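One chain, chain A, links the two complexes that follow: it is found with chain B in the first and with chain C in the second.
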Partner chain A sequence: MSKTITLNHITKIEGHASLSLGIKNDKVTKCELSATEGSRYFEGIVKGRRYYEAHEMTSRICGVCSCAHVVAAISAVENAFGYKPSKQTKQLRELMTLGERIRSHATHLYFLALPDYVGYGSALAMAKKYRKELQNALNLMKCGNGIIKLLGARELHPVSATVGGWLKIPKEKEIENVKKTLISVREDALKTFSLFSSLNYPEFETESVMFSLVDKNKYSVLDGTFSSGNMKTTKKKYREHIKEYQVPHSNANFVTYDNYQYQVGAMARINNNKKQLHNKAKKLLNKSKIKFPSKNPYTNNFAQAVELVHCIEEAIKLCDSLNLKEEKLDKLKVKAGTGIGCIEVPRGTLWHEYTLDKKGIITNANIITPTAQNLFSVQEDIKELVPSIIKKKKKDIIMDIEKLIRSYDPCFSCSAHFLEVKWV
Partner chain B sequence: MKLKVGFYGITGCAGCLLSVIFNEDEILDLVDLVDLKAFPFVKEVNIDEKFDYVFMEGLVADNDDLKTLKKLRKNSKFLVSLGACASTGCVPAYRQYTLKENYEHLIYKKQKRLQDLKASPIDDHVKVDYYIPGCPPDKKEIVNFVKNLVIGKEPKPFESPVCVECRQNGNQCLLDLGKPCLGPITAGGCDAVCINGKFECWGCRGPTKDMNLDLMIKMLRDRGFDDKFIQDRMRTFVGLKMPMIEEYMCSTGTANRLKTSFKGKKEYFE
Partner chain C sequence: MRNLYVFGNEFLEEDRKARELSSMLEGFNVVHCRSPDELLECEEDEILILDVVSGIKKPMIITDIEQIKTTKMLSLHDFDLGFFLKLMKEMGMDKKIKILGIPPSGDLKKIKEEIKVMT
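And now, the complex of A and B:
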């Protein structure tokens, strides 16, 4: 018996994607996950522009993680000039990144993932029965947005972060207020954690290797080495290991590490940095029935809930350690060279690379987003998963697949500005 | 009867649709005010017909986008262009002003199914009834727009330049500091949000109807910016909605006849 499943517009994800699946005699004959977002060619567009314009333009790659693109682009440019930002600047960048992670995880968990698990078509339809739960989400989102708005002046595509420093330093009192909000949403994060540890995640194991930035002393945000156990690469040598290649069915690159499929994101981060989690999150994780390291991509949702608890505590700590003073922007010594920025963002590790000429004009750019890195892994997981659920009804097969795709929290807007491709 | 409303996105960053959801205090009640028939970003089942209003995020970048756009135009009484991509083409449309060789290597030649089209705002292809400009629009602006529709009040665009709100907020003028701020020629309504963060306006909401482009160009030249820089900046977000800037800049252009000067420091990063 043969079946074909085509999901043309997968809903409840960022951006546009489709899946084409062929099944014959209970075997998968075709499995192609495609990003169908139109190509925007950001890497081409920034060529010819000045080094201090890259972050403002590339933040438009993605609304959900615009802070991430801003910080990664700035780090890459600073890296090219051999410049190291001040402690205060780094703290502000980190706090903004944490704020974004809180906002993004809350949005994804409640608006995109949860409806699947409680049998609703959308979070908005859940409002009558699950108003309290949704209120948790909205509180968390508001807290994250508050942090980003205070530091970056805008909630989406923040502007105050820039090359060489920070344009508008927040006032101490404003940071105090942010801290108060963070304390007030602690409860919401705990409830989110309980909710997501009580869900029944389908059993499944991926073969993907788990990659993230790893730092001995700290749960990774802006620093660390890109690694998975013994496999690791310095930023400088990333191109020797990470390869991007085109596939004929998708609008985004597929990415491998030393030819292995790999996964980035909250689950990979916890797998690699469990020890560095905040004590509160660590305790919760140890008590939970879901064990880490985990190889089940469905538990990425759970990992995001753990990170919510962690990020809120870390952000509170950061607020306490801030000792804000006015700092003038540093004048950068413009010179020719290549710089790489690599940071952990809500969906995984984000890479920005720019080559600049001696006047600071961008002559080349390369951006690898978390979703691009996950795409191969998602597709292979679907291929693995389908034979085990093949006896189910078509509707249920689709549900399981969609759940799997959404558990990765893919962002196809991000991944699909690079390449063209399609039915050949 | 409640208004039948749909929120859709074609090629874009999802930032405008997120701005709808990020109305944390209002969103749950807002969706009760209307009959939300479609919102694929957060909804599984979407019925794409017989709309009163469709809000469209994103620009037309390939034939899939165009197909979706045309279908939704046909199925709705009013089409609202939501955000900069839909209204002006935003940053992705800036590629028209870059060299083809800059991005040519990124194009896969054998593609058949999705054909690249000229990156363009949606009103290049269909009639648009309302615009909510901005990259992204102010989130409150979207809520107010919907509320106005519900009570039958005609939404009005904000026509004064960004400088009006910027002054009200008591910001230091960035042009006075020698920065290339496009506030004077850009339509406001954004609460001058970027300048509040000490970052110059890049013009994402599009030019005002009565902008003085000559003077803007002259002011930027006075501050030491070369013509390529000025053109690039003005075109980054709204190039397709700007007049031919070159004509203003050429030797016979009127910008040359203006007598202004700038005595502050000319040092913007360079």
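And now, the complex of A and C:
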């Protein structure tokens, strides 16, 4: 018996995606995950622009992770000039990045992932019954927003972070207020952890390589070498391992690591950096029934909940360690070169690479988002998953597949809706 | 002075009308909002919002948020004002909402006068 499943639009993910699945005799004959988002040409748009414009322009790739693109682009440009930012600038960048992760994880977990596990079609539908839980989410989101607003001068597309430093240094009192807010949401993060550790994640294992920045001294955000399994290498050599390629069925590139599928994001980060988690998050994780390292991509949502606890504690630590003083922007020595920015952002590792001419004009750009890196993995996981659930009802198969896709927290950068499910 | 929470993207011609109009209105403490969750900060019992409403030709007052057309929240990008207000209601947040809805186009002076009469 053969059948085709076409998920024309996959819901509760960022952007447009669809899945075409063919099954014959309980075996998958075709599995094509397509990012149907139109090409956006950001790498082309920045060509010919000045080095200090890259972060402002690429921030617009996504409102949800605009801080991520800002920091990655700045890092790449500074790397091209051989410039190292001050300790204070790095701390502010890290704090803003953590704020964005708190906001993004809280929103994804409660508004997009949780409805799957409690049997509702949307967060709005479950709002009456899960009022307290959604209040946790709102508190956490507000906290993340507050950090970004203070440091970046606005919640989206921050403007304070720039090449060579920070344009508006926050006041000590303002950081103190941020710290108070972080302390006030500790409980919300703990409740999030409890909730997501109590959910029943489908049993499934992936063969994906777990990929993230690693640093033996800390849970990497902006720095580190990078790791996949036992192999550790440097950012400079990323092109030797990471290959982007086009597939006819998708507008987004697929990406492999040494020709293997690989996974980025919270689960990969914890798999690779469990020891470097904040003690509080580590203790919770160790006591949990969900064990790490994990090979189950569904547990990525749980990993995000662990990271919420971690990020809040790390952000509090950062607030304590900041010794703020006014710093003028460093004047960079503009020269020709290529720079790579690689940082950990909510959905995984983000790459920005720019080649600049001697006047600082961008002549080439390459951006690899976490979702692009996860696409191949998601597609291969679906292939693996389907035979094990093929006896289920159609709606349950679709739910399991959608849940799997959503567990990766993909961002195709625009909304989508499930218009049609076609079975043949 | 009463707070007036103003929404709209200043970079989009049609969406920025509310921001432009707010600078012409008197008797309000104007609060420019970038994200609907800023409404969580509101202490007043009735939240007064100024925003552009597509599909209308004259200003209107909306007090029943069910009148607002929202799509399901399918991605983080759908976390808009309409969704948020409905969420606040579903969560039992005890606030009255009054939206001064203005059309995306038209003469601002005329709209201002119409708003004056309505409020």
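Please note the rule applied: the second predicted complex is superposed on the first by the 412 of 424 C-alpha atoms of A that agree within 3 Å, B and C clash if a C-alpha of one lies under 4 Å from a C-alpha of the other, contacts with A are read in each partner's own complex, and residues count from 1 in each chain.
Keep this in mind: a contact is a pair of C-beta atoms (placed from the backbone, for glycine too) under 8 Å apart; a residue touches a chain by one contact, two chains touch by 3 or more.
Values in this document were obtained by computation on a predicted structure and should not be read as measured data.
S.K.: Once chain A from each complex is brought into register, does chain C clash with chain B or fit beside it?
M.R.: clash
S.K.: First (chain B), second (chain C), both or neither: which does A:Glu380 touch?
M.R.: neither
S.K.: Quick one: is A:Met141 in contact with chain B, with chain C, with both, or with neither? Answer first, second, both or neither.
M.R.: A:Met141 contacts both chain B and chain C.
S.K.: Residues of chain A touched by chain B versus by chain C: which partner has the larger set?
M.R.: Answer, by number of touched residues of chain A: B.
S.K.: Is A:Glu327 touching the first partner chain B, the second partner chain C, both, or neither of them?
M.R.: Neither: A:Glu327 stays clear of chain B and chain C.
S.K.: Have a look at where A:Pro248 lands relative to chain B and chain C in the superposition and call it first, second, both or neither.
M.R.: A:Pro248 contacts chain B only, not chain C.
S.K.: Going by the contact rule set out at the top, does A:His108 touch chain B (first), chain C (second), both, or neither?
M.R.: second
S.K.: After fitting the two complexes on their shared chain A, where does chain B collide with chain C, if the options are 40-48, 238-246 or 256-264?
M.R.: 40-48
S.K.: Just to be sure I follow: which residues of chain A are touched by chain B in one complex and then by chain C in the other one?
M.R.: Of chain A, residues 11-12, 14-15, 63-64, 107, 111-112, 121-124, 127, 131, 134, 138, 141-142, 145, 154-156, 411, 413, 417 contact chain B in one complex and chain C in the other.
S.K.: Enumerate the contact residues on chain A facing chain C in the complex.
M.R.: Chain A residues touching chain C: 11-15, 63-64, 104, 107-108, 111-112, 121-124, 127-128, 131, 134-135, 138, 141-142, 145, 154-156, 411, 413-417.
S.K.: If we count contacts the way the header does, which residues on chain B are in touch with chain A in the complex?
M.R.: On the chain B side, the touching residues are 9-19, 21-22, 24-25, 27-28, 31-32, 36, 39-46, 59-62, 64-65, 90-92, 94-95, 98-99, 102-104, 106-114, 116, 119, 135-136, 139, 193-194, 196-199, 202, 229, 232, 236, 269-270.
S.K.: So in the complex, the part of chain A that touches chain B is made up of which residues?
M.R.: My answer: residues 9, 11-12, 14-16, 36-45, 47-50, 52, 56-57, 60-64, 66, 107, 111-112, 115, 121-125, 127, 131, 134, 138-139, 141-142, 145, 152-160, 162-163, 167-168, 246, 248, 251, 332, 334, 360, 411, 413, 417-424.
S.K.: Using the touch definition from the top, list the residues of chain C that touch chain A in their complex.
M.R.: Residues of chain C touching chain A: 34-35, 37, 40, 71-79, 83, 86-87, 90-92.
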